[in-house]
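Both complexes below contain subunit A, partnered by subunit B and then by subunit C.
This part shows the complex of A and B:
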């Protein structure tokens, strides 16, 4: 490995809260695989071979983002969603440690363990859809630990030399304050589990404000073990496309979230209203169940996002995409909005 | 043996007790005509941290009367939690909208069922304006003179460096984040205003550095060192991160804190109570070094 080569990745940001909020959204498993491309970073996490999450952090979120491919022309290519071949480097890092380091001054946001509480959610602005980045919107996605923290920005500089080298984070609160240097071990990346979500096979496609989805999830008791999405095409009593047995509901809800456990169950229906469901496409009646604990892992991501796209394919593979609000100062550039993608396999016994 | 005093600054007394309460279940209070000493010297406590403090009587008490056969000193061992509970009720009422407002708190040594107790008589006004008298008795063991003679402060070599610490609550935030990652904290400083707190584990090396802090001179009349010292030489002491966090509990009381490193021996922390001009007392923490750390 030539040592005089410039670092593979150098990135800096003057306010690390945005990056921390995105990373926190996928922080349900300690090992995360980071893929670096010229476009930005993807941070991927999987658990139990059943649920995967990927956070896409685009390069222009950072004030500085320099990527030097380690091997200029090699077989180290990757296919992006745009079907373009671009160079990439990846490594694995302990996500928990990275988040602890980012929050070392207590300024990255509220602690990672308490994001699920209802109290925090009530404070959130109901109209989180608006694309403004003023102080309130900033407080919407990240709750500062103390009121002064919102004015003080904690800057961060990230360096990754090359495989085998640690990830170096330099964190400073202000010029006179202390600086923290973190060297975090990196690991060789494990092959990433890809469920191969095929947009062609989608049977349910919904876009809604994250607050509507968030409120629904927050109503559910943590003791529940199963969550079912039930959806029917609007104003269609029967669907001739499928001859298989379907769950029939007397009211044929267009979207119902049903959750249950040993101590009871909850059902919530969404109305077919443009104010609630921005877009709704249902090809056939759908009823798929998921482990509630898995869906609940998306809570932190849904909390900090503005819009949610919910898709289910005909095998029950669930894809939840959370669009994050654009970072401060870059509100007009929708391209730079990060998003988090969750995919979760359905429970076997419920597949129709 | 007579002892009686009015607790004037109950919140100061409460906060000092709070600072050391986590360290050990029982501690020693030594009252002399001029000073109150709070001593935690148990070998058994977390990591062997010791606290020796010297607080001026007038920074907490008024109407202070003490009389005993051993140089008018009274030394007692008591439960820190019980003392804290006794002090909590008048403290809480003065801050929050509690059911009563403490007006006068008298502390005295008394006897109850043949046991020595430290009695706190609180005269208070209830929310509806009635006068109330609340009394707390904290059971104490009055130490005999030969037991008192055994108490001795730990001996330390001359420290390598003294440094004025940044606000303790800021250090606390940082150390709390480091706590889940490591058990051992490296505390480093030089004589040129640099302080470093670092951990080193398999997954991460994290180091927080302050620059341009002050290196105070404790004794102005001390002769300058004979040999030329390297101002930038970093001195290190490894301490248990849990012990250090327990010390950081005293951020509630501290205005000024000076840390002294005795390499391979201990970390000493002087916590000054009250302003710089009129120091009302000082709590001294000795945190032993972990020699084979790192």
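This part shows the complex of A and C:
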């Protein structure tokens, strides 16, 4: 009997802002698939069969994380995964609603005020809400009523009983403050779209500070429709350590982000300079285009991250990984850093 | 055209663009060999803003095709080159105003790439038919950001008529003092709100008063009046006193904001109630010219010295009682800019370049129709002759939309008068409601008493096309004409 079973997942955290910030990073489609394993949670979102995003939230981000694999039954609907090596359970939830619930006291908005660069992030997050005006009117725009509210922590306890049961969120504004219990319907998971990114086939691999990528994305006009990454292998004469490179042929930029639309176009060239690109590997000349509106969906994730890893394989499949700052109090434990992984298919140049 | 700006001059440039963007949507760029100008006109054509940057403002400036290596410099011998282009102000502003620009840009290069010289951009994509404004930011760490904005070719240049009268009043005041004065007047922030103030300049005092327009009626608006001593002004030179002018604040505020950010003072020039207000804001290598149409303040007694310009002033009160549409709503009296054909403007520039302060903005003298120039008395007679055939034309001299500010126009629409598109419509409307028939024909015939063009949007001139019946009465003074005209229609 399910009632006698311990819940599949119980997790609690004393400050929900970190979790909320990560979830917000993938909040461009309302239906998210949550996969629970012993290591933590993955929240996956997909849109237009072209772009997928997955947020990895590790178990030690939570103060308490108890996963009880569902007892295998013969019922197919239970979606047990006993035949896999790692036991996991998954369910679908309306991500927007969950975020609205987390922000029910208006305290989740100040987001990742946890790790590096705490100052100024709040404002940037607000900007992004306006800039990347998603069709989903997210409720996370509510500002905290009291600016000092961020000093207090809003805690959360998350419980998922088993398939068919709602996701229960218990949110307490303060130890002595009000509490809310939200029950959010869950759904059976749809098969997840996997582009099968193969690290073997990568032709471009770049790691850069997220601020560079964030500035680049936010500087592009929202009306642009196409974004192209152009990259060429560094010439032998370039010395990445000094950042001094011979004047390059402008047709062969090291890294160029180019976007265009009806009103004009923008190109951004980045040199192979350690201050800009922390690492740069390019096997062959690369030029792949993506729909700008898809890439722009990563803006919220890049804003709360510290480092961005950009990889493109030889078919043009783009993988963007954003490393989130480690949560407060766990700065030394880099293992617990969450990250968000975006994958986007390239536009077919022949069709354009 | 190529120009380069370093980080310190980029900021004032951006401020000017923000000011221009508040004046109008379309930004017109004119690049002359020795200066660069940016201008904008609002949609009602009642306000005009232009910034002129001298060559020295830029660290590098050149009009013409980029010089190739080894090419002999023969460009100086060619005819005067000029580049004109138009683009949406907000597109340029969003590029320049981005927060990363202020932080990281070390140098900014502007260039206009014309559609035809495609070889200059041969390594770019083949799409070179459109002219483009290329903004290249050279940032820290060697990052280069290149923005290309599509330009359109302006078919007409907007240019204000510049008065050249001896009796011009000139006052000078800093932006902070102005702001302190204006902050006493509550502005509702809505998009519709476009408040007007009535300024009266006296020998010793300046008083500001809220101008109640029909839109504010019933809102219980507070009427505020503020009087300050003329000593607050840095320079105060009034030719006749008092001078009463009224104008909308939306564009004026944009000017103040610019002057404030640049810590420059405003040099205001005006002549009388019906001529536009000119504001000069001058800085190093920068000239800002702002022209704002003044409107006719309701209920303001017109001083006798000026009453000859305003023969219809006596009927203000009656209008208010009789016309539910409220014709006496303060109007923007005129378009302060006129379309100038490009070719004509070019000619005009080369001819009259050194003639006066802002010569290129003068409409070509050959333009038919009323000219907004205030003509010296000698030419008044000639002008009146030109004016007479005008009234025989049946075509509308103006559209109602041109005399109302955009906001007021909207209100008209909401009030159900949105279908007023033509003069006929308006006349039909007015006919039914006891219009101001007190149009004095003498105005047409008596040039010194009429400021032909200023009155273009006056109800008096609206009636030009119908008023030929009254020509016989031309010898009557204004009062007589008024009485005669009014009675039959009041019987409705």
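Simple rule for what comes next: the second predicted complex is superposed on the first by the 281 of 352 C-alpha atoms of A that agree within 3 Å, B and C clash if a C-alpha of one lies under 4 Å from a C-alpha of the other, contacts with A are read in each partner's own complex, and residues count from 1 in each chain.
Rule of thumb we're sticking to: a contact is a pair of C-beta atoms (placed from the backbone, for glycine too) under 8 Å apart; a residue touches a chain by one contact, two chains touch by 3 or more.
Owing to the predicted nature of the structure, the values given are computational and were not obtained by experimental measurement.
**Q** Which partner chains sit in contact with A:221 here, subunit B, subunit C, both or neither? Use first/second/both/neither.
**A** second
**Q** Of the two partner chains, subunit B (first) and subunit C (second), which one does A:213 touch, if any: first, second, both, or neither?
**A** Neither subunit B nor subunit C is touched by A:213.
**Q** Should A:267 be classified as contacting the first partner (subunit B), the second (subunit C), both, or neither?
**A** Touch partner of A:267: subunit C, not subunit B.
**Q** Once the shared chain is lined up, is A:178 touching subunit B (first), subunit C (second), both, or neither of them?
**A** So A:178 only meets subunit B here.
**Q** Touch check for A:276: first (subunit B), second (subunit C), both, or neither?
**A** second
**Q** What is the contact status of A:166 with respect to subunit B (first) and subunit C (second): first, second, both, or neither?
**A** The answer is first: A:166 touches subunit B but not subunit C.
**Q** Residues of subunit A that sit at the subunit B interface in one complex and at the subunit C interface in the other, please.
**A** The answer is that subunit A has no such residue.
**Q** Using the touch rule from the top, collect the residues of subunit C that touch subunit A in their complex.
**A** Against subunit A, subunit C makes touches at 88, 91, 94-95, 98, 100, 104, 123, 132-133, 141-150.
**Q** Quick one: which bits of subunit B touch subunit A in the complex? Just the residue numbers, please.
**A** That would be residues 166, 170, 173-174, 177-178, 180-181, 202-210, 212 of subunit B.
**Q** Residue numbers of subunit A touching subunit B in their complex, please.
**A** 94, 97, 100-101, 103-106, 166, 176-185
**Q** Looking at the complex, which residues from subunit A come into contact with subunit C?
**A** Residue positions touching the partner: 212, 215, 218-219, 221, 243, 250-251, 262-271, 273, 275-276.
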